[in-house]
Amino acid sequence: MSGGPLGQSELERRAGVLIEALPYIRSFAGKSFVIKYGGSAMSDPALQQAVITDLVLLKYVGLHPVVVHGGGGRLSQWMRRLGMEPRFVEGLRVTDAETMQLAQMVLVGSVNQEIVALINRMGGRAVGLSGTDGNLIVARKRQTPGKEAVDLGFVGEVEKVNAGLIHLLERDGYIPVISSIGVGLSGEPYNINADTVAGEVAAALKADKLILLTDVRGVMEDPADPGTLISTLDVEQARHLVTGHAVKEGMIPKLEACVKALEAGVPRAHIIDGRREHALLLELFTDRGIGTMVVG
Amino acid sequence: MSGGPLGQSELERRAGVLIEALPYIRSFAGKSFVIKYGGSAMSDPALQQAVITDLVLLKYVGLHPVVVHGGGGRLSQWMRRLGMEPRFVEGLRVTDAETMQLAQMVLVGSVNQEIVALINRMGGRAVGLSGTDGNLIVARKRQTPGKEAVDLGFVGEVEKVNAGLIHLLERDGYIPVISSIGVGLSGEPYNINADTVAGEVAAALKADKLILLTDVRGVMEDPADPGTLISTLDVEQARHLVTGHAVKEGMIPKLEACVKALEAGVPRAHIIDGRREHALLLELFTDRGIGTMVVG
Amino acid sequence: MSGGPLGQSELERRAGVLIEALPYIRSFAGKSFVIKYGGSAMSDPALQQAVITDLVLLKYVGLHPVVVHGGGGRLSQWMRRLGMEPRFVEGLRVTDAETMQLAQMVLVGSVNQEIVALINRMGGRAVGLSGTDGNLIVARKRQTPGKEAVDLGFVGEVEKVNAGLIHLLERDGYIPVISSIGVGLSGEPYNINADTVAGEVAAALKADKLILLTDVRGVMEDPADPGTLISTLDVEQARHLVTGHAVKEGMIPKLEACVKALEAGVPRAHIIDGRREHALLLELFTDRGIGTMVVG
Amino acid sequence: MSGGPLGQSELERRAGVLIEALPYIRSFAGKSFVIKYGGSAMSDPALQQAVITDLVLLKYVGLHPVVVHGGGGRLSQWMRRLGMEPRFVEGLRVTDAETMQLAQMVLVGSVNQEIVALINRMGGRAVGLSGTDGNLIVARKRQTPGKEAVDLGFVGEVEKVNAGLIHLLERDGYIPVISSIGVGLSGEPYNINADTVAGEVAAALKADKLILLTDVRGVMEDPADPGTLISTLDVEQARHLVTGHAVKEGMIPKLEACVKALEAGVPRAHIIDGRREHALLLELFTDRGIGTMVVG
Amino acid sequence: MSGGPLGQSELERRAGVLIEALPYIRSFAGKSFVIKYGGSAMSDPALQQAVITDLVLLKYVGLHPVVVHGGGGRLSQWMRRLGMEPRFVEGLRVTDAETMQLAQMVLVGSVNQEIVALINRMGGRAVGLSGTDGNLIVARKRQTPGKEAVDLGFVGEVEKVNAGLIHLLERDGYIPVISSIGVGLSGEPYNINADTVAGEVAAALKADKLILLTDVRGVMEDPADPGTLISTLDVEQARHLVTGHAVKEGMIPKLEACVKALEAGVPRAHIIDGRREHALLLELFTDRGIGTMVVG
Amino acid sequence: MSGGPLGQSELERRAGVLIEALPYIRSFAGKSFVIKYGGSAMSDPALQQAVITDLVLLKYVGLHPVVVHGGGGRLSQWMRRLGMEPRFVEGLRVTDAETMQLAQMVLVGSVNQEIVALINRMGGRAVGLSGTDGNLIVARKRQTPGKEAVDLGFVGEVEKVNAGLIHLLERDGYIPVISSIGVGLSGEPYNINADTVAGEVAAALKADKLILLTDVRGVMEDPADPGTLISTLDVEQARHLVTGHAVKEGMIPKLEACVKALEAGVPRAHIIDGRREHALLLELFTDRGIGTMVVG
């Protein structure tokens, strides 16, 4: 307890925020929330600090956040440093064996361990996982119909998520932090889109929410005009946006992840602006939503 | 989700309130908080509504509020209606058998049931108890040294609190609401000061806090001057205030209750202003304390 | 061990009583028995003592007695003392708001607390409850077809019994003692016939027996002639007695309560003579039944 | 329910028996009672029927009877049939290897199985055990100071009782029936006095009572005069009776067994007349004791 | 650790045995294995020692062996010693009341207790049972169609196995050892073929295997020629061997027991050569089977 | 079941191996075994296959293997590929920030994930961990007395092992695989000797054994002469070998790890030859030890 007396209106405002938040805390307690972490929220130190704070506080009050991350930008940096040229075909990274090995090193050994260390320093208890650990994310080579001419190499798609390990860790107070690496039947690794992994993990966990942190305000009718933000989509509308090519390339796997999660029974998925500090707390614990919500 | 967009500073303010509150919610989860309910917070409908809301929300997020109440004012009204004249000796109500029967009817059958019904209508699950139920509050005739000339009748003091019933109910999601009636070894009822009962219940539960709602701002050096509020007292100072007659009559049982609770291991006791809306939420979940805190 | 040697035949008789009783004790262990307590068994001190002894002993050997009581007689006394005139329409008390408040005070604050104190003094552990506690008995205004002209006020009928609280208490060794007060959706109290409440509670608990203590020997073909006692009725016969107006007014809610309980799966209901000392023990633990038994 | 109406005094008498018995049932529930079964109660069919009924009823209402038996009489019959001459030295049977083998066959294969079958036919669930089963009764060759000249062969004394198996069976609803055979460290069997085994089993179980069924009324000052029955002995008096040779030979191991059990914390031991029908029920569930009680 | 260095090939051989055995240990852990014990494995001391060692080791590593035994040979010896002449009709012993009593004495009191003592001396914890204990094996008089002229007396067939007692004992670390005696509805004993009992017990336990130890190599096309051993039979073939009289008399109840067990869901039954030391270990923990396996 | 008949002596030999092994399996069940994995057993594919097989089989039969690994060789390769020159001071790698980042990538992202994938492909369920995960290995900068002139950078020593995460995973059937990376109080990573980490993990787990796989036969008096292998050392002798510089540099951290584990209550530590196939199985499940055993 510190500081001078607060005015009556400030006290009322504070009580109002709490009265709004507490019922959410109650209804979310004991449930899983899969958070795709990336973009500015991962690269900007101040935003990173705010996101990590939010994750630790969510765990404090009984929610079970599960973090999924990629790391394509840092992988490209390391490739260039080693004289390898990143190459993409329709948004997918061509991933030969050497690139795959480097991807594991960068995602599992570098990006993941940084996030884990940050959470733990802030008072949480995070454990880093890849899809290989406990056969968490079983994958197969991604089928790319109509593109048989190009071999994308170790680009994978999810076959099955074995969620037992996540449940075990979250029940015991840990925050799982998952690299978007899958494992094939012969133990070979696969590089998978992190939004896709987040959607599949949310589906397997029957999470209460899937939350994708992005660097835009949400799904917009005109991506150039923030005023055209779409607040709510139902799953049917989300499917049409994808098949109708009405959204930009990066938004497609995000919307597909939302659809996947909703089809598996996740009640709501959110695409929100990770550039806003404490976007997670505000999204979860206040009445006003942020970004785009997709509902079943 | 509703309403228009909120400004950046309002969002920051909201996030700030939550960041402050969540660690308290975590550290208080699963602990008991004994709240002496009375004064304006019980008689003013708006304040009553706010207190009940707070109680229900506290239970929502995992705290265990336990309510203790008296009802002297309403008892006096009923006495007059029946042609009986309330009589007090040094602040203690002279309680003959008929008065005692009426006290049970008013406290257990009327005041208690009103509080219980209000909590339940707001979404909580309250159960009313008196000291007779499960021999919750074992009492004996109050000894009043130096006043042997006056027989106060069924005025009691607490001999033992059997807290098992409270633990049973709070673990199962109920909010116990306790009338300040005790029971003697032969089953006879006793009228006991509600502040005293609250202190004894907090002691028996080894509660995390004892909170006494009053109609003043707290303990003041000059009761007439709110600017002389004492923010913090240690248990030794609290004892001196009582024995040195430095506080007014009504404050004496409150300070004694605080001392009793602290001696039994309750870490903190609070005498706070029940006229402030949501005083409980603000006291528990924000850094700035309200009223007077007594510490061990 | 005390007293002189007993004769052989007395020993044989004692062994016989035990050999008869022990299998009942075994088969009743862990089951709930709802007992409507009222009439002479409540007003005559010696009978009261015997009933309370029986309740405590039943609990001792593993049965779960649940007591339901009314208190109309005492309510009328208090009304008169306050200058209010009790008024009845076809057996139902006209209950305005003031009468209702007084009913709560008398039943919950006075009658209930007396029974609780008696049980506890005899070595049991009773807890008093009303329908308001934990929303135990949800009620609505009683519909009285054909009598729309008369507003009976707060006379209620049972909508739902939330038996969780009773189970919680009985498993933990307590004897629940329930006032026949219900609570409406807005938290308003209702006055309900105690036989009716007992039947509904037995139904909700899926009790092993419903036992109604009365001041007659049971259901009789000719109420004036004890020799016409009907030992056994099936549920169909019980319904006919009610619809055929073959029984006196006070017996109607009792038979309806039996029917209600049997329809919900309670195997047997008993209307027995509460003027016989230890009627409960004799009914439960000896082969000869007392009064009228209604079976499914 | 059957039979005609009972008179008021008969009902009172029945209620009285129950009121006396129920508190015993409660206080004995879940506790072990070791019963040495032998004498007329085992050989007279009517008495046998009554004892078995008692055992089954005790188990019904939550007590844990444990039966210990010998079988010397039947062993002697079989020996004679096989042309072997039973020989005793100061009350102990000279037991060579062949006699020992026959003792196992008679006690374990014949007497024990008969008792087990009887209990099960009456609705109980008995399991026969010998000291060999689960190393229940570890024994060694009995030392007979001053009689080195005579080799008694396989006469044993108890070294240790492994009570785990008994606890396992009694918790699961079984009545253990134990032959007085012990097992040595090399797996060899020993013949042990059944009273001694009962005392040791009661001691190891920390039973609530040890009850020895005999063919006399109890310990008597003058064995020839039933009027000299000693109702109560303390452990010191019991020791003196043994060392002072004040009792007949057969009573010595009985009193020693009582002393052994009491020293291990068994509160009471009883030597009672097994010729009285339902002696067990009457001893356990009525205020008047039967026979001689030895207390700590 | 002891002895000189081992050569490389010996080490490889040992590792090979372990690599073969460990997956069996895992897959058998916690499952029941019913072993019919008899023949040379019971009469030859060295073989007996090896079988008992195997049983104890199986229990050590988490399997639940259950032993079933007969004892006809020893019974005939005792009969002759008592001047009774054993008589058989089509392989079934004519069993009058006296013979039955002796059978119980020999099987339950002698053979069973010897096996129990041996297992316990080797470090196991065995408990001897007969079908009478806990009504384990409920039996009825064996119907022998076409032989009504001959009364076989107390020769029984199994009506029901109450496996609860076996489960209780095996979960608590005991090895049940069961005599092939059944009990009728009036408590009378029955003499039953031990192979038959083993099959019924395996069926009731839904054991993982039924293993019958014999004095031949298995089922042979030509019993005189070991080279004609049949390694595997399906249940249909086993039935045909019985009905087609293609096997010798002693093999019939064995094959019938296998069929019974398989029909109840036991996956595999084995008839193996008990004259081979450690036949149980080798059968269970190596890839090469021994004797004849019957599969569903 | 497959293959032709085995000779009698081969069967005896097999039975002998099993009889030797089964008691070890029993006594090791449920206990933790920390295995430092490295050298040829990690780099030679055939040996790797054998080690992984052993780990999976150990888990199968109820032991809890915990794997600790380093990866210095592969780190040096990657450093050279990136144009960095590995530099050592008295056996310790000079580790600047860039080297440290690469060490994490190589150990956590590459070596660890390879081991995990191999175990999982063989039927086990491994989870990769670093000291950062769940603050498993809390470290601080290594103090190198007398070498203040050289800054070794991020070379760490263990301050505390938080074994809760390992217990959680092993109880749930997982095999933890731990990279020898520690984490400082500010979340910074440290490079730690893998033998040291294995010793500390064994100490924290109170493992049943610490087993260090090496490329020599064990501790030798003359490292050049395998005939001078020391079979057993006590902890005092082990300490003297280290302080007396009687062993080569690489053996020092191994002996120190053994001493550390023994001091914490681990009963035995083993330095064994990882070049021998199935060294783990043979060490654990046969009477003959391999390599050097250090005992308390």
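For clarity, chains are labelled A, B, C, D, E and F in written order, and residue numbers in each chain start from 1.
By definition in this document, contacts are C-beta pairs under 8 Å (C-beta built on N, C-alpha and C of every residue); 3 or more make two chains touch, one makes a residue touch a chain.
These figures come from a predicted structure and were not determined experimentally.
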item: Steps in the shortest chain-to-chain touch route ending at subunit F and beginning at subunit C; value: 3
item: Path length in steps (a step moves to a chain that is touched) from subunit C to subunit D; value: 1
item: Most remote chain, CA-based centroid, reference being subunit B; value: E
item: Gap in Å, rounded to a whole number, between the CA centres of subunit E and subunit B; value: 73
item: Rounded Å distance between subunit D and subunit E, as computed from the means of their C-alpha atoms; value: 36
item: Cα-centroid distance, subunit B relative to subunit D, in whole angstrom; value: 60
item: Cα-centroid distance, subunit E relative to subunit F, in whole angstrom; value: 46
item: Junction residues of subunit E - those touching two or more other chains; value: none
item: Chain-level touch network, classified as line, ring, star, complete or other; value: ring
item: Traversal of the chain ring from subunit C via subunit D; value: C, D, E, F, A, B
item: Subunit B - residues contacting subunit C, complex; value: 81-82, 101, 104-110, 113, 116-118, 120-121, 125-130, 132-135, 164-165, 168-169, 172, 174, 183, 186-189
item: Residue numbers on subunit D that touch subunit C, as the complex places them; value: 1-3, 5-6, 11-15, 17-19, 21-23, 25-26, 29, 53, 57, 60-62, 231, 276-278, 281-282, 285-289, 293
